[in-house]
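Same chain, two partners: chain A is paired with chain B first, then with chain C.
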Partner chain A sequence: MHKRNEKLGWLFASPYLIYTLIFFLFPLLWAVYLAFTNWNTIAPEYDFVGLENFFSALSSETVKAAFFVTYKFMIMFVPIVIIGSLLLAFLIHSLPRFKGLFSVGFFLPYLASGVATAIVVNGVLSYNSPFNEQLRNFGLDIDWLGSPILAPLIIALMMAWKFVGYYALLFLSGLESIPKEIYEAAAIDGAVGWKRFWHVTIPMLYPSFYTVTILAVGLMFGIFTEPYVLTGGGPEYSTHTWQLEIYNQAFEKLNAGYGTAVAIINSIVTFVSIYIFKKLLEKWGAKHGWE
Partner chain B sequence: MGGNKKKIKTFFLYLLAFAVLFLMVFPYLYMVLSSLAPWDEVDKRIIPTELSLRSYEWLFGGGENILPRPWLRAFFNSIFVTLTSTILMMVTAILVGYSITKLRFKGSNFINNVILFQMFYPAVILLIPLFLIIRSLGMYDTYWAMILPKAVSLWAIFMYTNFFRSIPNEMIEAAKIDGAGQIKIITKIVIPMSKSITTIIFLFLFMERWVELLWDMLVVKDENMLTLNVLLAQMFGPYGGYPGPMYAASVLLTLPILILFILFSKNFKKGMDFVLK
Partner chain C sequence: MKGLKKLFAVMLVLLIPLTGCQGSGDEASDDSENENVVEFEFWAAPNPTQEAFWKGMAEEYMKENKNVKINVSPMPESPSSEAGIQAAIASGSAPAASENISRGFAAQLSDSQAIVPLDEFEGYDDLIANRNMEGSIAGWEFADGHQYVLPIYSNAMMFAWRLDILKELGYKEPPKTYSEVIEVGQKLKEKYPDKFLWARADLVQPTWWARWFDFFMIYNAASGGANFTSGSDFVADRDAGIKTLTFFKDLNDNELVLTREATDPFETGMSIMMDIGPWTFPYWAEKFPELKYNETYTLSMPPVPDDVNPADSKTFADTKGIVIYSQASEEQQKAAFDFLTWVYSNPENDLTWFEKTNLPPARDDLSTNEAFLSYLEESPQLNMFAENIPNATPAIDNEKFVEIQEEIGKQALNPIMKGDKDPEKAWDDMVDAISGVLK
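And then the complex of A and B:
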């Protein structure tokens, strides 16, 4: 009986295991190897260059741009999406009826392809768009996508539009799991209105804050579609993300070794950033009795 | 008095909810309306004065000196690639999830640890070597290139593993005593039980696969093999002077996924409650 399970277990897991061997383990090892070479993906010959790829990546202006652009996106996107989704969750929660309907409705932007969104945003906001010509009639001459300050903000807003309804569902499920007794106990202690909100509801939502923040921060290291289509990373590298940098290096300039080195640096930066956020959140949670 | 106040509050809450809903669907509405507008009204008015199919005709038929791009072909490429890849992701996830939770064989602990390691391993490092593997396997410019590397979803495995843990073992044992084989147990008991999370997992995998850009763009160059998302991204520049057809193509890209989602959204809240836990 148990022997049969043994065989069947491996058999059922085999598609996954074969996949993992070919599309995970093998590329993982290859990546480590590639990062120390100067292979251009085409030439039959290449050299080992040691840590040279890493050194030149660390002193590269475009890598530096990607590094700072990511945090710039984070400063804009994370607060907007957290406050926005929290408010939407409260809104859905306070509706007496049709909670499901509005949950679905607010979630719809998540289905949009970044390419289609970029086409709409470009149609409305590109410099020669009729909308901007109208604005110029009122004396407002704004080059939305050509400004190094506004272009990243627009991309951050596009992403916030896409993710706000999704994250709202995370907060909503947190809100719905707060036991009524806690509110009753808080009412006895005199915590009502804003006081209750700050001292009871928000701390009780800690698990949702934790998940949403980590997801939102992690997302910032994987931005590709929106800047690729809409701004190409410009103007002045103001929307040049890690993914664009890796794509440019590996697939436009064919520096596979160098590109892999950049990807490894990107992963380390991502890991450290998320770790710091985790520690900060855990500190905040511990203050309110969460483990 | 109190009742009235409450009614007014409820009214404003719904008003606000509808305002937000409008904001959420506005880009979709704008896209659809602009695709149906006469060309001199595209981007000039939100609601066109009359409806016109010219953008769609131009998209599929081409214009003066401009040959049409294979939009329909791209549409079917997208459907084929997304559907195949999604089904493979579901099947592999159900099989692995079932084997490590219900068969509990010697390897299950090991496999579980590998899955956890993979989930935390940054996928971006694999991008370039994956591309090189596909190329050296001779899969460049084929459907395989878009399907096989996306035939396993760690997230789906994780979700099914958690869900299968909540199915009591006694149920499986009882079915076994009745003489049911493992395949029958999976198809007749386990899958029907996981209907609502299967719907959600399918939806999430499908839509994420549908909007994939970077990978599909890397491994396919032949215009007849491109997915709709990639073709649209590539035509963004060249079709800059033809906003109407670009909106029509955006509708072609967006509408199927919206319809699919709305059709399946009946169990959405219930399934999401599990997925988000």
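And then the complex of A and C:
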């Protein structure tokens, strides 16, 4: 009976396993192999180059730029999106009715095309837009996308606008699941107002914080569309992300082997970064009784 | 156990349609009912106009040639058409032929033996002679002496000038030399301090393809269209290159260029000069109908250094063409070539193309052949493009063209426009960087 159940289990899992094998595992193994070659994916012949692609990538200025730019985006995006989505979740939570309607409304930017959003932002920030012309009337002439500080901030804000509604839903579900009794008990102990917020609500939202932070951190390693359309990675590589580097190398310069090596380094950096955040979050959770 | 077997059977049935999704052009030709029919795939550029043109041509051809079946489809863009072709070649599902190939990408493809030389097909010389394109195709010869691309259209890039504003400044025609351009710019700034001569944000970005529409337009005019590379050698004209960079420096020093993103700066009169291809005119017709050729704007070839005759000005050719892929069988390659020979043996087909796409066919006789005259009379703004096809040099034919053009931006043009380097140093740094790329 036990063996039969085991077989049935494998059988039911097999479609997913086959799918994973074909579309994830084989490509992954193939990519690892490719990273050790100089193949451009169209030449009939190529050579095995050992670790050369990895050494080149590690000493490349553009890869270094991608590495630091990702953390710069993280420093900007993660706090903005967490604070923004938390505020939005509180706002929706406090509504007496139509919570669902507002949740869906704020979720809509998540469905918006990154290309379309980037084109709109480009129009708004262009030199001769009404917005900039008004600013110039006040003596402010700001080169929004030409500044190495402002350009990444604008991209981080665009992404925050896109994801804030989605993450707010996660916080909202966390807020909705906090039992009233906990607040009542806290009130008896004198925890009201900000005290209640910091010592009850925030710790009780730990599972939501955990999910949102890990998702937001992971997202930073996959940024492509916004800088591709808006800045092309500039100015001075201040918005040059991992995905832009991989795309440029693999599809524009036809250095597929090298591009794959960069992709593997990117996945390792992503894994390590998420692991560090996971550990930090778990430490914080453990302090508040979350195991 | 019986139930388990049934479940396996159901799973198998579900998997069959999935495996049935696979297929390729080669298999399709084997399945043809008639063994004598040659079937091949042709990828058109991913836009409805060009796809419709090629579908129409294929239908006409198949009516006359019952033994050929051509499947025309738009090339995949994932995320670019080049990447789509690359993926198709890697997966062994490349078409027999495709259009929309630039000379630079063709250099990458030929270097990887992914495309075949067209000049080795029987009837190639007749095709070139019949289409009257001996002059235009000369610039397309690759370093190995072969022709891999049959250019379909050639946009001799021009500069558009706001004629109405030039007249306000006291000029009847666009400036033709560097010093004339600077003089116009200075007068413009005197009268309209908020206007710019040229608005081009790409001048401070290392975007490789942007160099076609700024650096190469000016460099080709200064050098008479001199080659930039030959095989793996850097052979650019240093004197012309430094003059080109000095011109950009002078534009920058006189604050004549806006290097920030702006929406339709030329159309709104914020700038009075812009690099232009014929694809702009349908946009203007729809959004800016007030822009009239030889009333509000006019066209000119790129300006030249003061010691060069403006009549000798050359420009960059934004041009794309057709290639035949090595993965196709010899029979399919021959059938694809015969199809192209048929299409280009009749100027009426080029006229249809011109009318549908506004892209000037790559023919030497475009401005003189009677077949096109009436259309050019209807659209006089296209005349300059047609006349200058022989004066336009296509992109460099090196497989490292992306890296080379990136270095032109990073080492030379971008620092010049930011005032960080003088022209000689910028040129020398660029040469060093490109030599490193070509090694």
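In this section, the second predicted complex is superposed on the first by the 267 of 291 C-alpha atoms of A that agree within 3 Å, B and C clash if a C-alpha of one lies under 4 Å from a C-alpha of the other, contacts with A are read in each partner's own complex, and residues count from 1 in each chain.
We take it that a contact is a pair of C-beta atoms (placed from the backbone, for glycine too) under 8 Å apart; a residue touches a chain by one contact, two chains touch by 3 or more.
This one's a predicted model, so the numbers in the text were calculated from it and none came from an experiment.
Engineer: Identify the partner contact of A:Ser129: answer first if only chain B is touched, second if only chain C is, both if each is, neither if none is.
Structural biologist: both
Engineer: Of the two partner chains, chain B (first) and chain C (second), which one does A:Leu140 touch, if any: first, second, both, or neither?
Structural biologist: neither
Engineer: I'd like to know which partner A:Pro44 touches here: chain B for first, chain C for second, both or neither.
Structural biologist: second
Engineer: In the overlay, answer first, second, both or neither for which of chain B and chain C A:Leu8 touches.
Structural biologist: both
Engineer: Contacts for A:Ile149 in the overlay, against chain B (first) and chain C (second): which applies, first, second, both or neither?
Structural biologist: Neither partner.
Engineer: In the superposed arrangement, does A:Ile188 touch chain B (first), chain C (second), both or neither?
Structural biologist: Neither partner.
Engineer: Applying the document's definition of touch, where does A:Gly100 land relative to chain B and chain C: first, second, both, or neither?
Structural biologist: first
Engineer: For the overlaid complexes, name the partner, chain B or chain C, with more touching residues on chain A.
Structural biologist: The partner with more contacted residues on chain A is B.
Engineer: Can you list the residues of chain A that touch chain B in one structure and chain C in the other?
Structural biologist: The answer is residues 8, 15, 41, 122-123, 129, 247, 251, 256 of chain A.
Engineer: What residues of chain A sit close enough to touch chain B in their complex?
Structural biologist: My answer: residues 2, 5-6, 8-10, 12-13, 15-17, 19-20, 22-24, 26-28, 30-31, 34, 41, 88, 91-92, 94-96, 99-100, 102-124, 129-131, 161, 165, 169-170, 173, 221-222, 224-225, 228-229, 242-243, 246-247, 250-251, 256, 259-260, 263-264, 266-267, 270-271.
Engineer: Provide the residue numbers of chain B that touch chain A in the complex, in ascending order.
Structural biologist: It comes out as residues 10, 13-14, 16-17, 20-21, 23-25, 27-28, 30-31, 34, 42-44, 91-92, 95-96, 98-100, 103-108, 111, 114, 118, 121-122, 124-133, 148-149, 151-152, 157, 182, 207, 210-211, 213-214, 218, 229, 232-233, 236, 243, 246-247, 250, 253-254, 257-258, 261-262, 265, 268-269, 272-273, 276-277.
Engineer: Using the touch definition from the top, list the residues of chain A that touch chain C in their complex.
Structural biologist: Contact set of chain A toward chain C: 4, 7-8, 11, 14-15, 18, 40-44, 122-123, 125-129, 143, 145-146, 232, 234-235, 247-248, 251-254, 256.
Engineer: Taking the complex as given, what residues does chain C use to touch chain A?
Structural biologist: For this pair, the touching residues of chain C are 4, 7-8, 11, 14-15, 79-80, 82-83, 86-87, 89-90, 108-109, 111-114, 199, 201, 204-208, 258-263, 265, 268, 270, 399-400, 402-403.
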